[in-house]
Amino acid sequence: MKQEYDGTSIGVDRRELIRATAIGLGAAALIGGTARAQDASSGAQVRAEAFAQVHQPTPLPFNSASLNGLSQRLIDSHWSNNYGGAVRALNETKRRLGDALGDKDLPPYIYNDLKREHLMRTGSVVLHELYFENLGGNGRADDAARAWLSKGFGQFDRWEAEFRRIANGLGGGSGWVVLGFNQQFGTAENYWMADHMHSPAMTVPLLVMDMYEHSYHMDFGAAAAQYVDAFFNNINWESVLERIEALNGRGTA
Amino acid sequence: MKQEYDGTSIGVDRRELIRATAIGLGAAALIGGTARAQDASSGAQVRAEAFAQVHQPTPLPFNSASLNGLSQRLIDSHWSNNYGGAVRALNETKRRLGDALGDKDLPPYIYNDLKREHLMRTGSVVLHELYFENLGGNGRADDAARAWLSKGFGQFDRWEAEFRRIANGLGGGSGWVVLGFNQQFGTAENYWMADHMHSPAMTVPLLVMDMYEHSYHMDFGAAAAQYVDAFFNNINWESVLERIEALNGRGTA
Amino acid sequence: MKQEYDGTSIGVDRRELIRATAIGLGAAALIGGTARAQDASSGAQVRAEAFAQVHQPTPLPFNSASLNGLSQRLIDSHWSNNYGGAVRALNETKRRLGDALGDKDLPPYIYNDLKREHLMRTGSVVLHELYFENLGGNGRADDAARAWLSKGFGQFDRWEAEFRRIANGLGGGSGWVVLGFNQQFGTAENYWMADHMHSPAMTVPLLVMDMYEHSYHMDFGAAAAQYVDAFFNNINWESVLERIEALNGRGTA
Amino acid sequence: MKQEYDGTSIGVDRRELIRATAIGLGAAALIGGTARAQDASSGAQVRAEAFAQVHQPTPLPFNSASLNGLSQRLIDSHWSNNYGGAVRALNETKRRLGDALGDKDLPPYIYNDLKREHLMRTGSVVLHELYFENLGGNGRADDAARAWLSKGFGQFDRWEAEFRRIANGLGGGSGWVVLGFNQQFGTAENYWMADHMHSPAMTVPLLVMDMYEHSYHMDFGAAAAQYVDAFFNNINWESVLERIEALNGRGTA
């Protein structure tokens, strides 16, 4: 794409693009440690104009029947109805924003009603993609991830205790729990988020957990704590470690 | 610090640390294109344990008397009372979280009340730091920034029209407007945010505008549109361009 | 009634009390039945000091196995886990507020974290009580209710169309739909509410519908529209009409 | 209007109307004065179809130059820009809702974006009207109000301490403090509210305080505590007492 561009931009090579497409324009830029190491100039190029992008759902990165204690019915419904619905709604919202931007008579506060939908659907799509990406593992954190989290929280168990507590406190409503690296502060922190619009600024998500009731009610009813256990048993720690390694742009030197 | 670490971590050299401290542990990691080019292994190391970090306010990067159409009284109050107050509140909240985490009898939903404060104060501190950092300029976007935004929005003017519209729609209440690069989607997008807890996930802020009434009421009363004009006249486009350049970890190749 | 007044209280005569009990205006009948019967002067009298009141769950006003298309398992879980949990959390929050009010060193913004919990749990308890109260019927609106809603919305069907649309738009997350009489405006209006803290000021709820996912996921999964149909089939229109009739304080003259 | 009505309506006698006017219970007296005077049977009768009502701003019930420590400039701006703007926005929102309801292709979640604006503007209009109504007094609570609040909070001073604490904790952002009578619980309680959409369900507001920054920044800058003092010095306790007296459905006979 470099040839199409005018000098201010930053290239992305074809292989990166193909890979990004294949995994659904997902966390490609952040996660793909190896790919990026091979093309460190990628990542900042705009892939589509705002509102012109049509999102496609990213396929589940695991067999939905393969999880330990989370049913295929739950996962399939979560992916196709909740995540899939968010993708469709985001596309519709962007289309309407494109139209609304040209309507000079639209009061700005009415325009912002659509922008709120934009923020919410963006959060829902992105967070769901990260959630499914860090699911489907065996739940065993390797030493490297444990060491990094110990550094951030004093002890690995302290990290886990807080993450679980936030999750349990969100039972019965909406929300997300996010372990993130706050680039402004240089800290690893867990964050409570009550809906798709919430997020800590300047923070790279490392482990993302959906606490909306659609994440567990089919399997566990109101017993959110059982879902929290099941989630931990299925964390894909490899994806978490890749996100940690990608933080410095090249992985561990 | 490398010697203190066990192999999974990522170093940060003393010079980086000093610089980060000097500019207030601010957007150092993201913005410091040059510094990072010299130490590409930096950036992912935890600077302090969660809750143990005591934040210091980042000084204003410009003379508060030097802005064009925004009074020194307004800027000084904004910095010392609103931003400064957020720093103090964040420190207090982290201290209380450290205590609360050890209290086994605390219901998780009560713990989460503090985590909400944590999210809100984190957002307020980070967004204010980015806001002051992209203020204090002459308001003239150079060609590189204009080209990058044209790519993202079809036209530079289309970007500006939407950013201003969102801002005007937020008059009379709380909120932020953020131009960000959505790393998940590969898009440049403007976001409406209604309070400090809002933020688009996986998005690097490039231009941040405070629309809380404390940003303008002293100078303009309820005439938010006059503040929007004044903000545009004082944008520090150099800092915006640096943030764009830092997106790929090295700046433009 | 002035003659019954002792300086602190405001009278209510026995007829008023009987009416209030008969039509179930609030938890009055349920919580303080006996006490109020012994002190008929208590219409607007405070039943307990703020924070000192210990709430007891209001029993379901219908047999949970008797609904049409909503399973006993769903209703029982909703009542005991979600509503019951809210009652317990409200009691705990009030207890903590009583303690916190005496703590002079507590920053007001930390105190307000508890007040937010207070607002949220209050909303959850109250709205759940109203929801169960207007459930358990045969779903057939009588002529009087239809006429009143026709007056408010032009047509009864127009009211229903909007109420259903709001409900369907809330699928996949949290929220409530409320038909209320806005006393400030003299209008009947449907309201979208995204969580327990939302509510239109100066508005008396007439029909309340829970759209949190715990209201339907066990029975319908993500198919919120099926739940909306089922809810309409089980509306207790008698309770709605009683609430309408109670609006002017005396019922139909 | 009785002649237009079908028998399901609910009367209100002339005495009730006079009382409502006298104590300013809602915008009734203000908005529909003439119409209601012509049809005294309208207590709970709908004054206008949902979305068809065009609101007119309620005049300030006091001379804006007469307050003690709150400037005329602040009050006039608050009334004309913030309250007046909310009235205009509510009218525009209702007009758009009427159109949108007939658009069968509009996704329900987009429709709900307008309903959120509806809820927010409704709250803003209603709360501002109640706020100005309970302002303009001499700040001295008479014995009856003190006694009633002592009953609700143990001590009058305990009520005041909590109300002030909530207010101070809201400094620097948006929000309201409301003393209300919770009809479901039979309690007098203070409520924290972070924006116009918040409100405790089934609660009659008795004293309403605006904590949006536009309520004080012109006069006090960020010194919210000075505004809290000034507000207390200008409370119109007569209006508060009238609201308390109206709680039992007939007021003192």
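To keep things simple, chains are lettered A, B, C and D as they appear, and every chain counts its residues starting from 1.
FYI, a contact is a pair of C-beta atoms (placed from the backbone, for glycine too) under 8 Å apart; a residue touches a chain by one contact, two chains touch by 3 or more.
On a predicted model such as this, the values are computed, not experimentally measured, just so you know.
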Fraction-based call for chain D against chain A, same above half, different below: same
Most distant chain from chain D by Cα centroid: A
For chain A paired with chain C, centre-to-centre distance based on mean C-alpha positions, whole Å: 36
For chain A paired with chain D, centre-to-centre distance based on mean C-alpha positions, whole Å: 41
Gap in Å, rounded to a whole number, between the CA centres of chain B and chain A: 21
Numbers and ranges of chain A residues touching at least 2 other chains: 107, 109-110, 116, 194
Chain B residues within the chain D interface of the complex: 73, 77, 81-82, 85, 172-174, 194-195, 212-214, 217-218, 221-222
Interfacial residue positions of chain D with respect to chain C in the complex: 5-13, 16, 25-28, 31-32, 41-50, 52-53, 55, 101, 107-112, 115-116, 118-119, 122-123, 125-127, 129-130, 143-144, 147-148, 150-154, 158-159, 161-162, 165-166, 168-170, 181-194, 197-202, 204-205, 244-245, 247-250, 252-253
Chain C residues within the chain B interface of the complex: 89, 92-93, 96, 107, 109-110, 113-114, 116-117
